[in-house]
């Protein structure tokens, strides 16, 4: 839906946004949209950017690539926005990028694929940035953890969609570096009701640990099934399960599951020395007050994107190239997903330290010792 | 022995999944055999049933009552859907009716999204989290419930269609609505009843599944699709065949996943289904159709 | 009657002229607005698929729930052959169409032994299987991560990259496709197909080879979809399997139903209405409900769809005003289709009952 | 004197346990009108369906213009010059009357999907010819004024005439008619009888099933009588009318 | 028993019946004859609640008929045996017959059983094929089934649309005889639409001639049978039938 927040002509800054607030990626896109709406309201109440009100023009691409492309065109051609945030999922971001690059508009994607900033076909990414840790970063964190625990023979299970396969690719790419080996690799459907058929094979392979790479709903089913089959190996999962609903869905079975996650999940458990703690707590508080539930890492990506952009506009004014170079020169920006250090070659600016390992204990997310 | 227990495990998995498809497939069959409509919103009844039940349970309504209430609520929605969307379009071509049900499915999904948001919800199992062990394989109690309920619904339906007078009248409605009217069969009432009943069955299916796989606003689509396939493989107007079809699809998927690759699971089951269709074009369990020149 | 015919012809010429002016002039009318143009391009691509499906549904009497598979075949063939094998785009487009035709032939032979809903299921199954291929055949399709960097299509060495260029390209295809379809429909072949729709036994006892014609139309519709897919790939330059799954197939079906199969232009009308409706809702819903999200659009879209189909089950081309339709139908007029025909009766005449 | 057109040899058909047709043999010569009569359920329609290729015979064969045709598809038979009408009308209800008849001309046209799609001159010419022929045929059965009506809205009797026109427009050498008079009132039947007789003059041959004995007696050159799937009699109308078995099984005592 | 006053019916824009007045008395057989497309089937359909009149009134047993509500009309005792048979083709012959009594099976189950036996006696041919799907019967067999199914409703007024269509001459005779018998035994009234005009007029009491949606002639059946105009128009020129 198109939403117009405040702003009556004249001195305003138009920011375009595209989220997958409905459709398949809605669990990701909805908190993103809500976060940005909340932030725009906050900033405008405090006078906007340099006295100029922010006008947010947000579209819902319904998790559909064509909708995303059309919405991007609309933002560029019709709404004449200064910059664009969004593209909840990688496919949609990737489909939008060519025209955004052509039009020359600063763009911050919220999706994870590294293709968004480092395309394998070498096409231009002058204007494109992103705020989500790529799967390469998450996998490295996870592999580091496995290495530390000396769980080197693992079972790899991923959900059969873009999220799952991209995780799998990174895993295959980095595992040797950490001395980790998959004794079995399997895929399961996002709509899985019963994964025991697949898990019997896993049980036979006798891994030291099982990695389940999926989002909350399907991972919960698999996790429950692992426990039901009485497989004793520890379970390590992806950052995609970092929501309350995973714990609800998996129930008892969720306990003891490990996974890498952004700090937002365990904000209050962080040591006071953590540079992000204050920012995290503030976001958490604000979001909970506005929407009545805890913020997600995805909302966090949107928070980062908005602030990065707002700061760049503060610095560079409404001129596009100036905003872009301000973005590229971001240093030590303390955000939700981590501390950002952008550069010409790194349009993400995050590394594995932006993540922590979390374990579920008694139905709670608990920060594992570093 | 190892191989044996894997086999049994796969069998259990297949039965679990199959029973879920079966419950929804029965809904398809009822609607189709009374109205001649393939109701692609059938899966969404499951979704609505599950989410209603979750909400009621969370609000402290006793479990059994919550189940009953959600089924009744979804039946009411089904009835409303029939009156507002199906009845006025009775005379449209089949394809149009199918698309109308798709449209209705959008509406249901959109409303669910509005009310319940995007998060998946959990529902507690009917009888404890325990599992049953046999031959070195495990099956959750909830799966046993699913299987029992699907078989019970089937038995009830079978009796209804083949042993009761009304059952025959119901069948007559789709075979020749014009003649059915002349026999004094109230097609509109039949169609209302059928869709409400299949909505109720759908809701029951959703409630049974929710403890196994969770409940979310978008769960209807995939369940609906698979159940649709199950129903067609069996033969659309034939309840026992649809049940058999559902278990067949469930087992096929489970064994394909266990013994072959899981990535191609869908393609394998669909592919085999195509073969079945090609060699038995009216479904596996087709009877004489009564068509000639 | 002779007189009336000539009058119609005269009026028709003016209509053609006006149409041509609008067609050629549109990019200037919406000057500089690539958004509008790309909406039109998208409509055009959908319309191309829809025209094929209109033929299939309206004339071969077959619902296809897997049309996006052919769309995808065109897109991936073009993408792979141009990006990795260095073929010229036009050749790749033809190759895609040939591949789709071949697949349609192979699939069609067994599929058309089926009837009614079983046939619908078979096409659905085919769609799912093709989707799995797109997804799993990573070496060629790039899997779920998608296929990047598809080179542009060229005419006389000039790469077509801007929206207005694509607008002309795609709309030419749509017009040519529509013209071809219209001719087919008004010929012996189209008549045979409609006859099959009415009564298969009767058609065959008059010399109509049912399987052959159904298969030909199926192949034709596959070619339409494949060509549209190729054009899409060159237009957006990034494709991924989700674009060619079951949901898009259902959307194509919706478009054709909205447009109606009473005329071969049903596909175009349906695509236009479908896309515009979506865009319109995007604009209107927030005005009505300022805090609503995308979910409202879904609800409204669903409601509109239902209402529209209840009141015009034969689609928009089925209820188009008589005058307009007379322009479309030159060879002879057709009695008002919209008169409420007791469907039961109609069925017992045409069907195989009894 | 005239050549054999159709020869049916020892044709049988059973459906599961039901012997619908048993060892039936007969023939039709050029410009013959042969009637098949018999009680309800005697196997007449089944016999027709076998001859026209809609159902395969269980045993026996059919020879058409000297060649064995059993096992051929209906559309192949139509191409060879054998068309039929149906006991339960099989009109294309959503098409106009003219279009219905034009479909009948299908077997005489050649243009395929490609030449039709590009609207090659050949196609245009063929279309014109088809339309003219169809119109002519409609005129002959007296329905030209209804050419533009949707076939499904016509009353039953006229639909029958359309079906006959549709079967005749391609000028096949043999037309099979399954109860052509059913639903026509006597006056209309008479009109149809005239049409059929006129068509015979033009070289058509007919094989038809009919319960209206008046018509049968009026136009049939020969009559084949079936009962319980078996042929019980064959001969000229006068013979049949007097045949005791036929009277007992079919006509009843005070026959025509 | 049944009275129509100035009944008009439209199909879409088509004005099919233009002011029909008609009366059927208790135990009477009324024949309606007329050319193809005159509106005979439409007339019967209107009485059976398939179509609703746009003007005029229909009284059944002094009460207005519930227009367009077929199931209510069946309850009141009117049953239509439609043209083209309209068999439930994938249901067995037995089920087809039983469905004929759908409206009353709960009220008087025993009687339905007796009727079932009785109807099968009338059509012994059907007895041999009770388990076959109705759609596989031959044309004439289906016609018998349709009539038998209509009788199962035990109507006070039976509407028959071309019942002799497709029946062998011997069977036509039997059916016509049976209808007279039925009429006498059970005081069932009947409206008979027939192309086989002679057969119809022979058993009917009253007769109406319908042309282009209007009654053009009406009288005692025997009188019409003797009428020259009728003979010329409907009995074939020779008037032999």
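Brief remarks on what is shown
Here the chain labels run A, B, C, D and E in written order, and each chain numbers its own residues starting at 1.
Keep in mind that, in the parts below, contacts are C-beta pairs under 8 Å (C-beta built on N, C-alpha and C of every residue); 3 or more make two chains touch, one makes a residue touch a chain.
Predicted model, so just to flag it, every value in this text is computed and none were measured.
Annotation of chain A and chain C: jointly contacted by B, touch as defined at the top. Between chain B and chain E, the least number of touching-chain steps is 1. Distance between Cα centroids is largest for the pairing of chain D with A. The greatest centre-to-centre distance from chain C, using averaged C-alpha positions, is reached by E.
The chain pair with more C-beta contacts between its two chains, of C-D and A-B, is C-D.
The distance from the centre of chain B to the centre of chain D, with each centre set as the mean of the Cα atoms, comes to 48 Å.
Chain B and chain C, compared by their mean Cα positions, are separated by 31 Å. Distance between chain A and chain D, defined via averaged C-alpha coordinates, is recorded as 73 Å.
Multi-chain contact residues of chain C (touching two or more other chains): 135, 201, 295-298, 340-342, 345, 348, 352-354.
Contact of a single residue of chain E with at least two other chains is seen at positions 11, 14, 50, 84, 86-87, 89, 135-136, 139. Along chain A, residues 22, 26, 30, 160 each make contact with two or more other chains. Chain B makes touch with chain C in their complex at residues 38, 85, 88-89, 91-96, 98-100, 102-111, 113-114, 176-178, 225, 228-229, 232, 236, 263-264, 266-267, 270-271, 273-274, 277-278, 281-283, 291-293.
Interface residues of chain D, counted against chain C in their complex, comprise 52-54, 73-75, 77-79, 83-84, 86, 88-96, 98-100, 102-104, 106-107, 109, 111-113, 116-119, 123, 126-127, 130-131, 148-153, 159, 166-167, 170. On chain A, the positions that touch chain B within their shared complex are 22, 24, 26-27, 30, 160, 186-189, 191-198, 200-201, 204, 216-217, 220-221, 228-230, 243-245, 248-249, 251-252. In the complex of the two chains, the chain C residues touching chain B come out as 57, 63, 110-111, 113-118, 120-122, 124-126, 128-129, 132-133, 135-136, 201, 246, 250, 253-254, 257, 295-299, 301-306, 309-310, 313-314, 340, 342-345, 348, 352-353.
Those residues of chain A lying in contact with chain C across their complex are 1-4, 21-23, 26, 30, 33, 59-60, 62, 65-67, 69-70, 73-74, 76-78, 90-91, 94-95, 97-99, 113, 115, 119-123, 160-162, 164-166, 169.
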